[in-house]
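In the two complexes below, chain A is the common chain; its partner is chain B in one and chain C in the other.
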Partner chain A sequence: MTASVLVPTVVSPEVVSLYIPAIFTGLLVGLIGLLAISYQKNDLHALILTDIVSLGMLILVAAVGTDLAEALILPGLVVELAEILAISEILMSREMRKMDKTVELIPLPLSFNMEILDTAPTFLAIILIIYGAFLSGFTGGAIAGGGILFYVLSKMTRGVPSNTWEGVAGASAIAWCLWIVGFLIFFVAPSYWLLALFLAAFGIFIKVAFKVGLIGVIGREEFKKDKE
Partner chain B sequence: MDLSTLGGQFLGTIPLGDIVLYLTTFNLFMFGAALVFTAIIAMSRTESQVEAEFGTLNEREKKVSKDEFKIRRFLSIVCGLATAGAMITGDLFNFTLFVCLIGIVNIGIVAAVKEVDVLDSAFQYGIIAMIATLPLFGGAASILATTGTISLLELVNIPTSAFMLFSSILLFIGVAGESGVAPFFATKAEMFRTAGSPFLVIIHLSSLLVIVRIIEILLIINKPFGI
Partner chain C sequence: MFDIYVYFYTGVLLVILGSIATAIGPGVKDPIVRTLNTEIPSVGVSLILLTYNHTIALLTFIAATVIIMMILLRAIVRMEELGAEL
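On to the complex of A and B.
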């Protein structure tokens, strides 16, 4: 293949020569997936087998092996997940219409009854949130989110007001906008990089931390069940 | 083939760091058209279907409930914006992402309908759209591998190799599957057979506009009539 692109000399020729086999592997994985789908008549199995085809797509993107390709894998993966979620939602709603029944989103009875869940959560959650705010960024968001999740899950037995968590989910979305604004400043006015960095860092911190609010909203069905 | 030969006048670029948007009259017109259609659809209400019953003088009216109406309107606005983005973008990978977003949102628009047949065809369309991500992203990634760039402004100056032709074929198969045109149209045509017309129209419109745009992109990449 006549690759007109400039490959740096530090990259060994073995790595470069792996590209064509990787492309064939990806296409082969896709073909195997397609063959399996053509034999399969069950809809659910077809949906799961489609995931194999998407894995072939990830191989094709990953075969490029540059920094840019690494940045492109993430959107590819997100698209794949979003599509499989959307299609499985279609499948579920179709089966519900056929059978004329509805089911809960997460049919999971939560009934912890431990003394530690009454005494510890506030303290632990505060420590985790402060430590997360100190870290900032995605990691900090995950840690602070863990604190909030722990608080919610342990208070769930006593009943948390559900509309509070709807507000928290809204704040998460607004914080996400801050993150996007931070990225935009990086592109439009690179001289304000410090402001952009902090907007992005704390935007994603608040967003990831409050994402737990969505779990709270989903868990609302469980609160209702507990009250009855 | 030159950018201005394809797109009328070359009006300039918008440099945003690595991502450089380029503006031609063709691009701007398509972008504006997508936005105008989105605005019209955002303001419109759904029509209600009236079906005549066989053998009697009665008729049946199908209406879209208020919750479903809100979700559909939101998703069709997203679909319109994604179409507009796919028209104006100067980056091959962003284009593929916008096309995928259109595919996902198309499934979402019909997700809440009550007809089992429509849901069935939406499921089939979703399977095809998901399979189509392999050639779509694969084509874009192998163009990146052979040329080292995914900016259309750079791609227009790079001479075509055989591998780029192969990648473009992959890319076209991907877009055809994702927007549900000719060989895959059977699944998508059934999706329209439900109430709630103006929001269903955007499904159709987005695939039409995307096909026009992918032809421009393929001409930019492959330069069939020489540089």
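On to the complex of A and C.
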């Protein structure tokens, strides 16, 4: 294969030789997913199939094989997550309006009133949050966010105070500002690069970890309904 | 010793077969079966990311897949409890 585009010499020949098969796999998978969606009448099935299309997108991006690919996959994943969450909420609320009845926020088929749900979530969430803080940055945020989400979902059977979400959303916004300030310092005062690096790393850590606030904001009305 | 092409093409095979299985596989009329089938291509994508040494992307991908799975299953269970047509 003769490369028709400029390939830097730092890219290993393995990655270059895998580029064409990876691109075609990504395109094929995306095509399969889109065709299946076009034949699909049910909205929920179409939503599940968008997952396949996004996997095709991920392969296309990963085929670049450099740090740029890695940096582009992470926001792609977060956007996909937010998109699926938002569309599933829209589908459910539309269905609820149509049927004119409601179900609880997180339906559990069993009554999860077990002793382990009191003790284990705290322990696991603390380990995940400490490990996430140690990693910092985007990945750490994702891990700590998973810990918080796990904790909240486990405690959900006993009810979560609805005004906690407001605080979580506020802290998330402040962390976002820290991240932006970190980037500004990089350009305005490059000599303080270490401060800027830590502001950016821990800003995005808190921001991503508190993405769980998204679920809280969506469920706020239903929490208020529970309280009455 | 570790031939990267083996990982890569296993991943490619899993992704293509898994996405076909999700689209037209047996029993996909049931949304839970369809959701579980999406796990096969995501294992394939994990292998492809592993070939390219995208460690952070791989870790985030695994976490995101788990959360997407939870969201989808919750949506399915809620829709079923509503009595919606699936």
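In this section, the second predicted complex is superposed on the first by the 115 of 228 C-alpha atoms of A that agree within 3 Å, B and C clash if a C-alpha of one lies under 4 Å from a C-alpha of the other, contacts with A are read in each partner's own complex, and residues count from 1 in each chain.
Convention: contacts are C-beta pairs under 8 Å (C-beta built on N, C-alpha and C of every residue); 3 or more make two chains touch, one makes a residue touch a chain.
The structure displayed is predicted, hence computed values, not measured ones.
Visitor: Have a look at where A:93 lands relative to chain B and chain C in the superposition and call it first, second, both or neither.
Guide: first
Visitor: Using the touch definition from the top, say if A:84 reaches chain B (first), chain C (second), both or neither.
Guide: Touch partners of A:84: chain B and chain C.
Visitor: Check whether A:19 is in contact with chain B, with chain C, with both or with neither, and answer first, second, both or neither.
Guide: Only chain B is touched by A:19; chain C is not.
Visitor: Looking at A:101, would you say it contacts chain B, chain C, both, or neither? Reply first, second, both or neither.
Guide: Second partner only.
Visitor: Between chain B and chain C, whom does A:69 touch in the aligned arrangement: first, second, both, or neither?
Guide: Both partners, chain B and chain C.
Visitor: According to the stated criteria, A:203 is in contact with first (chain B), second (chain C), both, or neither; which is it?
Guide: Neither partner.
Visitor: Quick check for you: in the superposed arrangement, does A:35 touch first (chain B), second (chain C), both or neither?
Guide: In the superposition, A:35 touches chain C alone.
Visitor: Applying the touch criterion given at the start, work out whether A:140 contacts chain B, chain C, both or neither, answering first, second, both or neither.
Guide: Neither partner.
Visitor: Per the contact definition in the header, classify A:132: touching chain B only (first), chain C only (second), both, or neither.
Guide: neither
Visitor: Looking at chain A, which of its residues have contacts with both chain B and chain C?
Guide: Common interface on chain A, chain B vs chain C: 33, 47, 56, 69, 80, 84, 91.
Visitor: Using the touch rule from the top, collect the residues of chain B that touch chain A in their complex.
Guide: Listed in rising order, the residues of chain B that touch chain A are 16-17, 19, 93, 97, 100-101, 103-104, 107-108, 111-112, 114, 116, 119-120, 122-123, 126-127, 129-131, 133-134, 136-138, 140-142, 144-148, 150, 158-159, 161-163.
Visitor: Under the definition above, what is the set of chain C residues touching chain A in their complex?
Guide: For this pair, the touching residues of chain C are 4-5, 8-9, 12, 15-16, 19-20, 22-24, 28, 31, 34-35, 38, 41-42, 44-45, 48-49, 51-52, 54, 56-57, 59-61, 63-64, 66-68, 70-72, 74-79, 81-86.
Visitor: Could you list, by residue number, the parts of chain A that touch chain B in their complex?
Guide: Listed in rising order, the residues are 1-6, 19, 23, 26-27, 30, 33-34, 37, 43, 46-47, 50, 53-54, 56-57, 60-61, 63-64, 66, 68-69, 72, 75-76, 79-80, 82-84, 86-87, 89-91, 93-94, 97-98, 186-188, 190.
Visitor: For the complex, which residues does chain A have touching chain C?
Guide: On the chain A side, the touching residues are 14-15, 18, 21-22, 25, 28-29, 32-33, 35-36, 42, 44-45, 47-49, 51-52, 55-56, 58-59, 62, 65, 69-70, 73-74, 77-78, 80-81, 84-85, 88, 91-92, 95-96, 99, 101, 103, 106-107, 109, 138-139, 142-143, 146, 149, 153.
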